[in-house]
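Just below sit the structures, each encoded as structure tokens.
First chain A sits with chain B, and in the next complex the same chain sits with chain C.
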Partner chain A sequence: MSHSKRSNIFLLDAERTTWHDETLWFVRQKRDKAVYATPEFQELRQLASDIKDHTLSRLDFYLQQFEENARRNGVQVHWAADAHEHNQIVLGLLKRHGATRVVKSKSMLTEECHLNPYLIKHGVDVVDTDLGERIIQLRDEAPSHVVLPAIHLKKEDVGDTFHLHLGTEKGNNDPQQLTETARQHLREKFLVSEVAISGVNFAVAETGSVVVCTNEGNADLGVNLAKVHIACMGMEKLIPRLSDLSVFTRILTRSATGQPITTYTSHFSKPAEGKEMHVVIVDNGRTKQLGRPDFRNSLKCIRCGACMNTCPVYRRSGGHSYDFTIPGPIGAILSPNIDMRKHASLPFASTLCGSCTDVCPVKIDIHTQLYKWRQVLGQEGEIPASKKWSMRLLSRVLSKPAVYGLGGKVARQGLRFLPHGLTHGKGYNPWAIARELPEPPKQSFREWYAQQAVK
Partner chain B sequence: MSSSREKILAAVRTNQPVELPLPTVPSFEGDDSVEKFTSIVQGIGGTVVEVADATRLPEVIHQLFPADYRIASPLLPEANVPVTAQTPIEVLAAVDLAVLQGEFGVAENGSIWVPEANMLHRALPMITQHLALVLDRRNLVATMHQAYARIPSVGGYGTFLAGPSKTADIEQSLVIGAHGARSMVVLLV
Partner chain C sequence: MKVALFIPCYVDQFYPQVGIATLQLLEKLGVRADFPKQQTCCGQPMANSGCERDAIPVYHNFVDAFDGYEYVVGPAGSCVYHVRKHFDIIEQTPAVQHVRTNTYELFDFILNVLGINEIPGSFPHKVGLHLSCHGQRGLHQANESEMTPVRDGQLRRLLSSMQGLELTELDRNDECCGFGGTFCVSEAGISARMGQDRVADHVRNGTRVLTGGDMSCLMHLEGIVRRAKLPIKVMHAAEILNGAIL
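Right after this comes the complex of A and B.
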């Protein structure tokens, strides 16, 4: 199903769409406030972009440096070429420890690899411990945002979900009380889990450490109580030096939620005494993206979600309409790399206004890449027939001034007496579905201009 | 060595662009005052209590927290829950208050660096119901650049801790006390 068809489902509830739009815009405004209060923010963006550019240009070196240092620290490093291998490695580690209970902190990579269904299929009780992730896990949904996974839900939805699964009173929609219920429920899970899985926000090559940022402390609680910590990371998470973290920790949360920093910014270098730590480095299409000069930049993404919060299309269509792990503008660049045919409509889910590029803390040229994907998709014949033929027709008309002039004249006259039902037919004028056509002007600009020239 | 490792590294070598320079990160100075630090900590849901004299620490703790709290701390003689890296989970889960030493604070974001050596157990700062971090007021830096300059090595585990555990996952309503500490107080000596 295309993005626009999925959006139509979301748009059926106009009130909720407006609420979704306003909620995300509120987060975008918090971002602005935090950014304006940081005098060197633009310099930090450039530094972050340059550090990532450098890292990607020497990725083979940094991957090996990271591996070597992590091993020296007593961390076991694994490599996974694709999602399936990643899942196999994780399951293998669980089996080796006879572990059936696992707590997981937020990780878009494990979402990308569909780790949860894989583990559940193999008899593992895997519990997401980030509150938003837990809510959508109970509802059997996917996250709709990378930082705010349950942003599409209202407190009534969460109240109903908790009533059904956690036994809260029906109609109790108080966020404070619901969070307290989740705290008690998840604490039980934390205390008995043999293995904890975390994502990775940054991996530092020079020290062999991984850095995990959370506000809830769920990653730390899970990992520090379990006997085994498995950190799953996309290979693009690498940065060269510990000091580079100063740049990234300053831009990440300010861009994401407008906070000065996450509550917990934790550095894991060595397993605790008597315990195990594993890092799984995952490719899953990233090396392919590295080889595409036009789209390579997307590997710099630090998953702050700023592009989603600012995107007028994302805010009014919801994360699920993208049908991809990473939604929004950045997801629309990343997804065709994985499956061009399936995600062919996503690069068109943008107004190309460039707001995503403006807020991106690592200066990814998001809207330019969206435009480039459209060219690629056009050449590959992945554009819907209606769009393809109307574009072809339009390009013919626009290339012949006489035809264009005549067409304008016919339209100006025709619109006056054609019945509304004909000019606004949903079948052939999608533009008019939610809009009125403008009043046709008496003359065209060219006619008006010709008159001015005479005077 | 797995074959995937070789395959991935080979693909990286084939596909990575020509080398680009690694920039030098400037030190970006800023306001490292107690006032700035305090206002940011309050903004992120924590509290700052200025303690005139380090010897008065037990007295201040006593005023802030009721006497029957189960306290874990390497800093207070009245700590009544002994915690080490080997302490069983059930004992950890029953701690009401942890009083730990913070190494230094960062004024721009209100975070405090707490290395493993200061934690007794890696999970203690998160599993405790309430957390108090003792911080020397002379150990404040302005930005994260000076912060990382102070820690050439992060050791086995360490965290920048900024306020109590919180979430806004339910309709963007801020709730303090998600999984970790329900409150965080900085005791500035």
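Right after this comes the complex of A and C.
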């Protein structure tokens, strides 16, 4: 199903669309306030972009440096070529420890690899401990945003979910009480879990350590209570030095939620006494994207979600309309790399307004890449045949001034004399669903101009 | 100064009054402009649809039409941006390079080439300015809210210089209207919703005349205003400025 069809479903509930748009716009405004108050923000963006550019240009070197240093710290490093291999590695580690109870803090990579269903299929009780992630896990849904995974849900939806799964009173939508219920419920899970899985926000090559940023402290609780910590990371998460980190921690949450810094920025460098720490480094299409000069820039993404909050299309269509782990503008340039045919409509789910590019804290030229993906999809035959042929015809008309002049005249006459019901047929004229067509004038500009010349 | 008028296809066909206002405004500001009749379109509809290659003959026609002029001036930020940014796929002959660098959006031309910062006229109405994304973020004609809270820009400056004109302060200063070229057809639902939200912001804040530098955004917004029968008049900024100068 195309993005447009899925977004039409979302749009049916006009009130919820308004609420979704306003909620995310509120986050965008919080971001603005935090950014305006940081005069050096544009310099930080440039610096962050430069560091990422440099890292990507020598990714092989930094990956090896990271592995070497991590091993020296006593961390076991694993490499996965794709999602399936990643899942196998994680399951293998669980089996080795005979673990069936796992807590997991937020990780878009494990979502991308569909780790949860894989582990559940193999008899593992895996529990997401980020509150938003837990809510959607109970509902068996995918996250609709990278930072705010349950932003598509209202508190009433959460109340119903908790009533169904956690036994809260029916109709209890009080956020404080619901949070307390989740806290008690998760505490039970934390205490009995043998293994904790976390994502990775940044991996520091120089120290071989990984950095995890959370607002709820759930990664720390999980990791410190469990015997084994498995950190799963995409191979683009590297930064060269520890001193580079501050650049990213300063832009990450300002861009994401407008906070100066995340509540918890935790460094995991080595296993605690008697415990194990593993890092799984995953490719899953990233090398391919690195090899596409027009699109490699997308690998700089630090998953702040700012492009989603600012995107006027995302705000009105919801994250699920993208049907990809990473939704919004950034997802629309990452997804065709994974499956061009399936995600062919996503680069067109944009007006190319460019706000995503301006808001991006690592300066990814998102709207330029959207435009370039459109050309790739056009050349690969992944656009609708009707569009392909109408554009070819349009080009014929517009490259011949005489044909264009005549065609315009005929079309205008048609619009002027045909009845409104015929020119505004909603079945064949999408423009007319919500809009009036322009009133066709008697004369085009060029006709008027020619007449002036005669006078 | 040899200046050519670039009147985009949809302005030519549906909004000749915008072309006329552009020509007359330039004349009032001391510029005589020709209209080379070989011109048709900048090729953006094909290119934004993923059919950039089909647009190549249209690009060549554009360059041929305007070859030999010192400046090409058009009342449409989006089309001008397309010429400047996306004519990079054809051979960069001196003619192509010249046309790309010297195609100007009308108000950019007035401020930065002619050096005119004020318009001597009056327009005593509450005017809502719609910033077109390609003009604002593509051609840097106005400040971006992603960068700064300061609301400034070429068109804002010219309009504010007019007597009696009051600009609407919008809740969302520079959000996209949702037109997006062929986006308005392929994503008709979202496009309409974005346009309706944009218009609602203007209604809420008292706009009586809705204006901007890009007739394409305005065509879409006008379609919504007329469908909803709202008491808002939609005019290209060239019409306002031209009408105000006696």
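Note that the second predicted complex is superposed on the first by the 439 of 455 C-alpha atoms of A that agree within 3 Å, B and C clash if a C-alpha of one lies under 4 Å from a C-alpha of the other, contacts with A are read in each partner's own complex, and residues count from 1 in each chain.
In this section, a contact is a pair of C-beta atoms (placed from the backbone, for glycine too) under 8 Å apart; a residue touches a chain by one contact, two chains touch by 3 or more.
Please read all numbers here as calculations on a predicted model, not as lab measurements.
**Q** Superposed on chain A, are chain B and chain C clashing or fitting side by side?
**A** Fit.
**Q** Of chain B and chain C, which one touches more residues of chain A?
**A** B
**Q** When the two structures are overlaid on chain A, which partner does A:312 contact: first (chain B), second (chain C), both, or neither?
**A** So A:312 only meets chain C here.
**Q** Let me test your reading of the model: by the given contact rule, A:392 touches which partner, first (chain B), second (chain C), both or neither?
**A** second
**Q** Touching A:350, do we find chain B (first), chain C (second), both, or neither?
**A** second
**Q** Once both structures sit on chain A, report the angle chain B, chain A, chain C from C-alpha centres, rounded to the nearest 10 degrees.
**A** 120
**Q** Check whether A:3 is in contact with chain B, with chain C, with both or with neither, and answer first, second, both or neither.
**A** Second partner only.
**Q** After the superposition on A, what does A:418 contact: first (chain B), second (chain C), both or neither?
**A** neither
**Q** Just checking: does A:215 make contact with chain B only, chain C only, both, or neither of them? Give me first, second, both or neither.
**A** first
**Q** Using the touch definition from the top, say if A:436 reaches chain B (first), chain C (second), both or neither.
**A** Touch status of A:436: second partner only.
**Q** Taking the superposition as given, tell me the minimum C-alpha spacing from chain B to chain C, whole angstrom.
**A** In this superposition, no C-alpha atom of chain B lies closer than 19 Å to one of chain C.
**Q** Based on the A-chain superposition described above, do chain B and chain C contact any of the same residues on chain A, and if so which?
**A** On chain A, the chain B and chain C contacts do not overlap at all.
**Q** Which positions of chain A touch chain B when the two form their complex?
**A** Touch list, chain A to chain B: 23, 26-27, 38, 40, 43, 47, 50-51, 53-54, 56-60, 63-64, 73, 78-81, 85, 129-132, 135, 148-151, 153-155, 158, 175-176, 178-180, 182-183, 186-187, 190-191, 207, 209, 215-218, 220-221, 224-225, 235, 240, 242-247, 249-250, 257, 259-273, 281, 283, 287-288, 290-291, 293, 296.
**Q** Can you name the residues of chain B that touch chain A in the complex?
**A** Where chain B meets chain A, its residues are 2, 4-5, 7-9, 11-23, 25-26, 28, 40, 43-44, 85, 89-90, 92-93, 106, 108-111, 121-123, 125-127, 143-145, 147-149, 151-173, 175, 177-181.
**Q** In the complex formed with chain C, which residues of chain A make contact?
**A** 3-4, 7-8, 11, 17, 21, 25, 32, 35-36, 42, 310, 312-313, 316-317, 347-355, 357-359, 371, 374-375, 377-379, 383, 387-388, 391-392, 394-395, 397-401, 404, 408, 411-412, 430-431, 433-441, 443-450
**Q** Any idea which chain C residues touch chain A in the complex?
**A** Counting only chain C, the residues touching chain A are 7, 9, 11-17, 19-20, 23, 35, 37-41, 43, 45-55, 57-58, 60-61, 65, 86, 133-134, 137-138, 144-149, 172, 174-176, 178-197, 219-220, 222-224, 226-227.
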